[in-house]
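In what follows, chain A forms one complex with chain B and a second complex with chain C.
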Partner chain A sequence: MSIADTRARASRLRPLGRMVAVRVLGVLGVLFALSILVFSMMYLAPGDIVKNLLGNRPANPEVVAAVREQYRLDDPVVVQYLSWLKGFVTGDLGVSIRLQQPVADAIGDRVGITLALCLLAFVVAVVSAVPLGVRSAVKAGGWVDRTGNAMSILGLSAPTFAVGLLLLYVFAYYLPIFPVYGGGDGGIDTLRHLVLPAVTLALGLGAIIVKLTRTAMLRELESDYVTFARSRGLGERLVRRIALRNAAIPIVTGASLVLTFLVGGTVLAETTYALPGLGTLLQDSVLFKDIAVVQSLTLLVAVVIAAIALIADLTYILLDPRVRRQMGAAS
Partner chain B sequence: MTVLLSALTVHGPAGVMVEPIDAEIAPGATLALIGESGSGKTLTAKSIVGLLPRGFRATGQVSVARQDLPVTRAGDDAAWRRARGSSVSLLLQDPFTSLTPVHRCGDQIAWTVEVAAGRRLPKGARRAAVEERLAEVNLPARVADAFPHELSGGMRQRVAIAAALASDPQLLIADEPTTALDASNQAEILDLLRRIQLERRLSVILISHDLGVVRGRTDQVLVMRDGKVVERGATAAVLAAPEHPYTRALIEADPVVAARTGARIAEESADGSAEAEPLLVCEGVTKAFGARTVLDSVDLSIAPGAIVGIVGESGSGKSTLARCIAGLEREGDGRIVLGGSPLAPGRASRTPDQVQIVFQDPYSSLNPMMSIGAILAEALGVAGRAASEVPAMLEMVGLPAEFARKRPAELSGGERQRVAIARALAPQPRLLICDESVSALDVSVQADILALLARLRDELGIAILFISHDLAVVRMIADTVTVMWDGRVVESGPCHEVLEHPTHEYTRLLVAAAMRENAVPADGKD
Partner chain C sequence: MSDIRVIGVAAVRRRRRRLPIGVAVAMGVLALAVLAAAFGKAIFPDAMHQDILASTLPPGSPGHPLGTDELGRDVLQMAIAGTASALVGPVIVAIGSMLLGVVMGTLAGYEKGWLDTLISRWTDLLLAVPVLLAAIVVSGVMGGGYWVTVALLIVLFSPSDIRIVRAGVLEQSARPYIEAAQMLSLSRWRVMFRHILPNVTSLVVTNMMLNVAFALVAFSSLSFLGVGVAPGTADWGRQLTDGRAIMFQNPAAVFVPALLIVVVAVCVNLVGDWIGQRLSQVGEEVR
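So, the complex of A and B:
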């Protein structure tokens, strides 16, 4: 590659870098606002962490005072927030009051299983829904289309926990193929434990992606370039590939939205299947008023969602030369 | 190698859509199908490539070089696979939509090459084949790496022609191949098609609503109306001595014919009016979008009651000027004065009785959810006029009062454009801007709308700024014409003077296009 090529490439990448930088700054602002919001909501929510900590033990005033002293619960709320913020930006996420372990460890122990669950659910949804959507559009009104449509309505309207219970009943109880609960001992065993929860989540996701793909493909198949391609004798498979490549932009948008929804929504599946993931951790921590864990988890979810949105935007640039050109023109 | 159509008939859900057509096209010859929208010409074209919409089917026979096309088996892809591409190809109207926007032009041509070859080609051979096809349509090799949006309309249509012909078909159907292009590109594309056709001994079916496209470039013509062939014969003979009243009406409505004979729809306004205080004056109007200057110090003057034409191709800045005058864009510099008082840029200080605008596409400019009556009542209300005036507004544009209850979808294109004109006139503006307002209409409807505009000018004394890419259309109605090119005014003056004695080179090109003279000799030098 010559120097001129490198330079041309660098000048093309510059607006891209600027876009990423602006987005990262924006996300930092959102995280800051979010941390204040969550902190104050946790502070204002009913419930008393001291009672939660002491449980059924008799709560005499000295013990209560000692606990309040230990966790600095008597400081003004602003001081409490600032000390949390100071720790957070220096990399100290604090200690979980409920679990009596550092927040980083509590999250680290569970993040793997939730990520694996999301990834598996997303892959199952995309791999089954996109071809089904394409097929439904190509033979609109055919039996695949009608079956797919019925299944999408089912997938969209059935609540996650109901689907989860049904799948458990059929595939873990009647036909004991998959385990009933828990996260397994790692590797293949964990994968086996994740199949049912992933399918449960994938059903709702897939339903949306089938609909999106079908609509986008129907529109593309109606367009002039498809008529022109067919009139030149191009094979139906190539024509479909061309149309899908054009439909990819709305599909990616939809899929990325669905994925962000998924990241925030694993809690129901984790509860149904008793998976020790982040969803259950968040639920328990909120109930216990374990502020440090809730703060870190909400911010983590926010970062993941922002990252997915950014990746989706970068994918458009990859998929659509017209967007690429606008980026170039903006420089 | 002859193409034969025998008793080719198209049936739709409501019975016969196109009555039996017989025709014979020799190698290197062109058959023209002319008619207005709804005449069945596009259905005929689609039946020959087996791409009829769902619910339609064809009967009869089409043979190309003694081989029958499976015309009766629309939708049967297996049967059509071999016929499409190698026997027949279809070129569509709009090069902006007939190429896929996310694939490089070279790939789109290569697909056809590979279909014809029946296999994937190695990279080098593929590239060589694409470059050869590009050279045939006079495009440089670098176009192979470009995406369609990086090319002009004319270049895109060349790429589409290269892609359509890359499988070496014996019959090419070109469905309105130049309708979406600027006047200066139209002749180039038609001459290019003609040259390639003669070189390859290709049979062509050229579909058009535009007699100017057909004249001098086709051998035989079929005039279609409501699914029936009403007249047929050698093109020159039919155009010179039409027998059917419909053909005669089509020819009379054709702006090209009018431009040649000097026939006009509007009376030219008396020269004295030019001395009166002008209604609208634009001085040094300048506008830039980012780094690109789209209006470069434009001057324009419109006398009260005058019809002023602006001609130019897309990108010339004519629409941007109209939008600045209407307050829809904010000019960067310059002055716009209406009736002696300056108009501030933007919409904020405008009142509806100053300037109104009628857009090109009557299908998208009317709200489909509102009845015609509600659309007009809303426009009347803006100017403080009562909804009871709706019937009078409809009558003014030549529509019956019952139309108030209809919705836009129930109206034809011409009727919708009449509604759009009534809506624009509801606030009683002093200046009406028509931005390509007749460009989307069939020629006979176009002539009716032009006559309506001329009558409204006479009755209401309103001034009209008439914008078009076609000098022939402007010639029929405008008193004076301003020619714009690349954001600047290159020429202006009374219509007949500009047409007869164009001084700027670009105007000469437009005049040639308006007369549908072959700007380039048809011997193949392009």
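So, the complex of A and C:
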């Protein structure tokens, strides 16, 4: 009923708004399906469900009763799921059996370092990879192009942890410039601890971004408007700036590729350098079968990915004047 | 005029026949890796034999050119014996996801309609799933071993195959020869798999090679995180993970398997790219 209502309202909106509404509904649908999968993890894990939820706590009747009450195990599955989902939406993520603290607190303690790591890696990757990709495309076949290509094959073929261990050995042990393990005690010290992990992550990220940029830029430079601009006598710098702005569209839509790499890469980089972030939290919880934490983290990552993919899609509309004009013409 | 054309064609042909040096080296490395995978365990059956009294030896120790780990296992022997486990999984994943991609991609591209919509939405969904995260969570929580990981990666790797095959089939099915085949009232299966499929082979094979490299990296990443390969198995990823504890006493314990993973992945990429270029050139010539 409510979906039909929303649809009816959406059709009255302008086409742009309607497209946005359709996309948002689609994303919500996917997240809904995913939340059911994540919830069923509790039942799919091998072993007795109550025992899994108890962990190392003694299994006396009161504690068992408390767990059954907390997860509503005596109610129908649908009720269990809805109460679990309500908890997730309102920030009540259950209790970690490994850490003996609320999952929300455990995540809150570690989210900062993971965000800092991802942001740093992303900035390093973009700042170094986009100019390299542009240069490779402009002088296709030249030495910059060939070196860049070799680097990006290496960046894609070398597992994040292998790069990490190598950097760790060289720059923390052989030449003790950076600290070996851990997250530091905040501020500048933490930043120092994050340099090597961020560079490690940035290599893989950069490899993807160089490839995306080069392909997109090559296509733009071969198109008619560039030939036309050149024949009108526009400077090469200006031509390149215009081409890069148009090439930004496929680069931004490739963001989901970058994002899925970043999620896996963060887990590996944090494990390699023993950083106390969300990646190590996930890995430890998986090995310990701390299901409440694994469920929360999985769904949280899914929400973040969906949100960023949505933003990338909408940016695509804003970036491309052709798409915007089509939207206007269709109304 | 005609002379120039003949010379041109001959030059092109000569260039095509010559094997680039990098690709030749990569093929040699892969051949060695295949040999090691086939016979490694038979040559060194005791590679994983532990000796609690032994201690870590650095590289260059007598009898152990690359040293040993803290359980007295020879790093070189372990690396050779671990080739099979490191390569078999990724190759099966690449072949499996290719088969899945060929069937689903051909159906989606040729039949179109609701089937196409369904398959395309499914691939969109899978493409948004971080492979490593899904594999950690599923095989970690379910306690799945090596083969569960293989099955999972086949599904997670298939979207790229499905998309590529679908795009190729869409492009081919608009061509006159397909119309001709349809006019002969050949069965749709025959049109799909006997007439269209051979023309998209180059795309499929190239992507399969790329997937071998990605799967190799994915497998070793999972072993690094303690998921997928059981402890005590001869496997590059496992060896590397175990070697971390003694990284500063014997760096070879970590960097030999790491280097092997990187080198094999790079070689597979190089050979894959080259096969892709060759096949697409052959295709253009026939057309």
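We adopt the following convention: the second predicted complex is superposed on the first by the 238 of 331 C-alpha atoms of A that agree within 3 Å, B and C clash if a C-alpha of one lies under 4 Å from a C-alpha of the other, contacts with A are read in each partner's own complex, and residues count from 1 in each chain.
Definition applied: a contact is a pair of C-beta atoms (placed from the backbone, for glycine too) under 8 Å apart; a residue touches a chain by one contact, two chains touch by 3 or more.
Computed from a predicted structure; not experimentally measured.
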Quick one: chain B and chain C on chain A, clash or fit? clash
A:M19 in the overlay: touching chain B, chain C, both, or neither? Say first, second, both or neither. neither
Mind working out whether A:L314 is in touch with chain B, chain C, both or neither, as first, second, both or neither? neither
When the two structures are laid over each other on chain A, which of chain B and chain C touches more residues of chain A? C
Using the touch definition from the top, say if A:V63 reaches chain B (first), chain C (second), both or neither. neither
By the touch definition at the top of the document, which applies to A:Y225: first (chain B), second (chain C), both, or neither? first
Would you sort A:L156 into first (chain B), second (chain C), both or neither based on which partner it touches? second
So which chain B segment collides with chain C once the two are superposed: 345-353, 381-389, 453-461 or 471-479? 381-389
In the complex formed with chain A, which residues of chain C make contact? 125, 127-133, 136-137, 140-143, 213-214, 217, 220-221, 224-227, 240, 244, 247-248, 251, 254-255, 258, 261-262, 265-266, 269-270
Which bits of chain A are touching chain C when the two form their complex? 30, 41, 44-46, 153-154, 156-162, 165-166, 169, 173, 256, 259-261, 263-265, 267-268, 271, 282-283, 286-287, 289, 291, 294, 298, 301, 305-306, 309
Can you list the chain A residues touching chain B in their complex? 223-225, 227-236, 238, 242, 245-246, 319-322, 325, 329
Chain A-facing residues of chain B, complex: 49, 51, 77, 80-86, 88-92, 94, 97-103, 111-112, 115-116, 147, 149-150, 160, 163-164, 166-167, 290
